[in-house]
Amino acid sequence: MDLANKKWSEERFMKVRKEVLSQWPTGRDVDLGEAVKYRIPDRKNFCKKLREAKRKGITLVQPRAGVAVVEKHIELLKYLQNVGEADLLPTTIDSYTRQNRYKECEIGIKESKNRNRSMLNGFPAINHGVRECRRVLEAVDLPIQARHGTPDARLLAEIIHAAGWSSNEGGGISYNIPYAKDVSLEKSIADWQYCDRLVGLYEEMGREINREPFGPLTGTLVPPSISNAVAILEGLFAAEQGVKNITLGYGQGGNIVQDIAALRALEEQAQEYFCAFDYRVELTTVFHQWMGEFPEDESRAYAIITLGAITAVLAGATKVIVKTPHEALGVPTKEANARGIKATKQAVNLTYGQKLVSKEIDTEVEVIKAETKCILDMVFELGKGDPAIGTVRTFETGVLDIPFAPSKYNAGKILPMRDNSGAVRYFEYGNVPISRDLKDYNRGKLELRSRAEKRSLCFQMVIDDIYAVSKGALIGKLK
Amino acid sequence: MDLANKKWSEERFMKVRKEVLSQWPTGRDVDLGEAVKYRIPDRKNFCKKLREAKRKGITLVQPRAGVAVVEKHIELLKYLQNVGEADLLPTTIDSYTRQNRYKECEIGIKESKNRNRSMLNGFPAINHGVRECRRVLEAVDLPIQARHGTPDARLLAEIIHAAGWSSNEGGGISYNIPYAKDVSLEKSIADWQYCDRLVGLYEEMGREINREPFGPLTGTLVPPSISNAVAILEGLFAAEQGVKNITLGYGQGGNIVQDIAALRALEEQAQEYFCAFDYRVELTTVFHQWMGEFPEDESRAYAIITLGAITAVLAGATKVIVKTPHEALGVPTKEANARGIKATKQAVNLTYGQKLVSKEIDTEVEVIKAETKCILDMVFELGKGDPAIGTVRTFETGVLDIPFAPSKYNAGKILPMRDNSGAVRYFEYGNVPISRDLKDYNRGKLELRSRAEKRSLCFQMVIDDIYAVSKGALIGKLK
Amino acid sequence: MRDKIVLGVIGADCHAVGNKILEHAFSNAGFDVVNIGVMSSQEDFINAAIETDARAILVSSLYGHAEIDCRGFREKCHEAGLRDIIMYIGGNLVVGRQNWTDVEKRFKRMGFDRVYPPGTSPEKAIKDLKRDLKKLKK
Amino acid sequence: MRDKIVLGVIGADCHAVGNKILEHAFSNAGFDVVNIGVMSSQEDFINAAIETDARAILVSSLYGHAEIDCRGFREKCHEAGLRDIIMYIGGNLVVGRQNWTDVEKRFKRMGFDRVYPPGTSPEKAIKDLKRDLKKLKK
């Protein structure tokens, strides 16, 4: 395998770059020299905002949003900024762009204009090109980040960073396995090395850019040690390519103690790995409000959103990504989106300065770190010390396994399940190399539920758990 | 003083009763013998529902609601039951009834019918009388509780219990000092002894009825030890008159640790006092979602409602009283009311089974209990062992003092303030006899805030704190 | 000389927090505030205004019964000889959420000079009152 | 003999959870499910249906692009000789929240026999499919 967790040479990068920029006509407009000179005010700089928030112990609030047509997208972002009072802006990229199907984007843009409603589920940044993306940034007063789900985001990264967007979400694992069906990890990890190297280059030329691996993966009952292992790996990949400002993330599971513990474990353990590899990175964290299925009822959605916001603060997250009361039904209107932000801001401000210290949290931190270490140890072992090679091999063997993921490069053998307090545990391990004692811990927790519900642990309980939140509870209990 | 915490003789009760029942024509329809025979199904029995919830560790959800006209009130309650999925029903009584101004109720009812909108802020149960109140109960499938704020609720208690409503909120302190201007405590405590004795009589005749002192008082920055002291006193008053099923309450302050601690302290300490006096009562708890000023924005209101619901569960409350997204603007429509319930139910079900154990909580429990004991010790001292007499004397001397209360029988000398984590502390003590070391604890916490905000502690901070939640934060910080 | 104003909460309404803050704010702003507190009747307001020779009556009503409580208030002021006293009202005036322009109209028709929606800041009313008093003095 | 059905998620759509549950539910209900998974093209569905001689095609689309992705689907089935194959579609079919009857109409016009709103339970579709198949066999 060609892959290695090794900083790309300038030669290799530039060679690939030529090809990348020719993938679509707008690639021609990318000019690195010009882009570095383009001045971005501090208030639109993702890294600066995150740094300040971390210093002050504040949790910033960021929505998701994107529509097909530039004017409408600007209107949307301004609304979220002015009415919603967002702290950071996103631009969610549409699904065709994510699959590099730019021709279909053209159709989507045209029809969106004709019908005066967005036919795309996001903003097709590549089709719009550098100039238009810059116009979006200039129209707002906050930093913009691209949020997507693109296995090969090389051209996208070129265009958005040239436009001055100072953060890019994604990673070679997290934007492949949950988002694609047959893209190999060799390819996606290499393609994201490109994205990271691009950011590294900008850093070397004096422009700060933030990178954020996508924490929640499939958003559906992911055990914290799985998503933390992936986040740490992607953090290492990014750091190796010269990325200096990294935000690692985690998606709300619903059990407050486990969620607080998971984010704390992630931050501490990632820092340990960065130190071990001597990477100097500025690390911040992001907490995603519930990424699984939502109920249709808006009042119920608000409750989930608020629980997420509160947990984010108690976990000490640098930012929180917001869901909306329309989540179950479809891409939210700008009004619904703003409502999600407002509820989140209120909750964040109500809990600002509050801390929870508890032995239970400490225990969960230890458990999550230990499980994560089981996985990462095996990654390094199979990769003979190289985490990139190790990642590919662990997925091949099902050592790393993401529940419910669509990719054929994912074993799909593990099954998660909630315990009796709603914490997500391992039910089936597949080949995930969790140690004996930790398996006992998981099993013990699940047994309590089994006893409480008077049913033996079974696949139906997993299904019940998937539906539970949207049906009004955390745990899929028998009535 | 005539008052004493002593079970009323039957003779005394019956003598007063004659007078009470003649206060308004509908009093004539109250027939204790008939009322005891009137069968109430288990599902409409407050005591049974609470007992079962406590056993299962569930937090029940109860709204507030009441309109002037019977048909509309039935429609409202059925909606909250069927669409809102409330677990327990209320009937909020209008403000004229609370002041025994039944003639004004007549006007309100008439005009409400004419204009086809409620001109009263609640249900005038006395004017409607036993038969109509019973019609309300028969139209629904859940227990009904009267919720009001009536210093002299004797006739009201007679009518609602005769109608089969199996719970009554209130107490001689909590429905006087925050709700009236010049009703003496001697009178209100005696009048509530009557209400409690009536419940005691029902119990003796085999009908279970729940009583619930009103925990939140003015709902505005009340230090937990003040409201807990009042709740425990009213619990003792009720128990002495033969009440067997008591729910003690507390209004959300906003700091999660303090709120959990306050409810735990209340339950434990009340139980200690009941034991000391050899009262056998079944004790449950109620947590009130934020009782202070709300923001007008509905999304923000949802966040407060949800935080309250979550805290209620973490605190182990037997039930939670729900606010609505319309709170800041006016009595909610039935739809808005149901929305508040749904958000609460979702939050309650998401957190069901979750527990928080922490040293910080334990410390706060100790502090609150110790402060409460300082106050109660003085009540017993001034009352020469009688808590009723002691209550009157402590209010006279400002030993018991409720912040922002309208009553002229309240000293109004204490001032509360939030500390840097949002917990409500004593800033000015007036004559509240908190011991030196506890004062140091309070002061220490406030000093942290003073330093963080770089302003010395002052009255403006109290005002800022009053407005804070409605302006989007817990603490009234300088920007 | 400081202008005298009568402040209070009308009817059977016990909401005391806003009243205390309004007293504080108007005093700080240079008014001589006669605060008759919660649960005050029309007569309480009128007597206080006559006794203290007040320039304005500031009525609060939070609990929703203001429509009933304020009926005939302006007329009674007239009868009592308070002819050009300024009358403001604010709070949560009606039961429930209603169209604000309708509510305002209703209360203006009842004789209030200014009618304030829920959540009005004291500062706004202070500014208005200073302006209205200046006009009156001219 | 168990009825064969083809199941999949159309277009560039990666939502896999519902697809896995549908497979489980339809199998349990006695169908022989050919699950082509996420990110399947019209051709993928058609080929699978032809190969397996399926009675029905069940299309999921969660991500909002179904209108574009399903264009001409029925016609292509016809061309491929799948003349009376049953076609269902469900999920979050359009971008955003739209009037459901409009959406349903739009997709029926495209040739789908049944169109399901967000959050439809598998049980509902299983019942419908059994009924529709029975009708077809008569």
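Labels A, B, C and D are assigned to the chains in the order they are written; within every chain, residues are numbered from 1.
Everything that follows uses one rule, which is that contacts are C-beta pairs under 8 Å (C-beta built on N, C-alpha and C of every residue); 3 or more make two chains touch, one makes a residue touch a chain.
The structure presented is a predicted model; accordingly, all values stated were derived computationally and were not measured.
Shared contact partners of chain B and chain C do not exist in this assembly. Taking each chain's centre as the mean of its C-alpha atoms, chain C lies 66 Å from chain D.
Chain B and chain D have Cα centroids separated by 55 Å. Chain A and chain D have CA centres that are 30 Å apart. Residues of chain D in contact with two or more other chains: none.
Chain-to-chain contact here is organised linearly: an open path runs through the chains from one end to the other.
Every pair of chains meeting the touch criterion is listed here: A-B, A-D, B-C. Contacts from chain B toward chain C in the complex involve residues 95-96, 98-99, 101, 104, 107-108, 111, 117-121, 149, 178-181, 218, 220, 293, 296, 326, 328-333, 404-406, 459, 463, 466, 470.
The touching residues of chain D, when paired with chain A in their complex, are 11-17, 19-21, 24, 37-39, 63-65, 67-68, 92, 94-98, 118-119. Residues 254-257, 295, 297-300, 302-304, 306-307, 309-310, 314, 338-340, 342-347, 349-360, 420-422, 469, 472-475 of chain A are the ones that touch chain B when the two sit in their complex.
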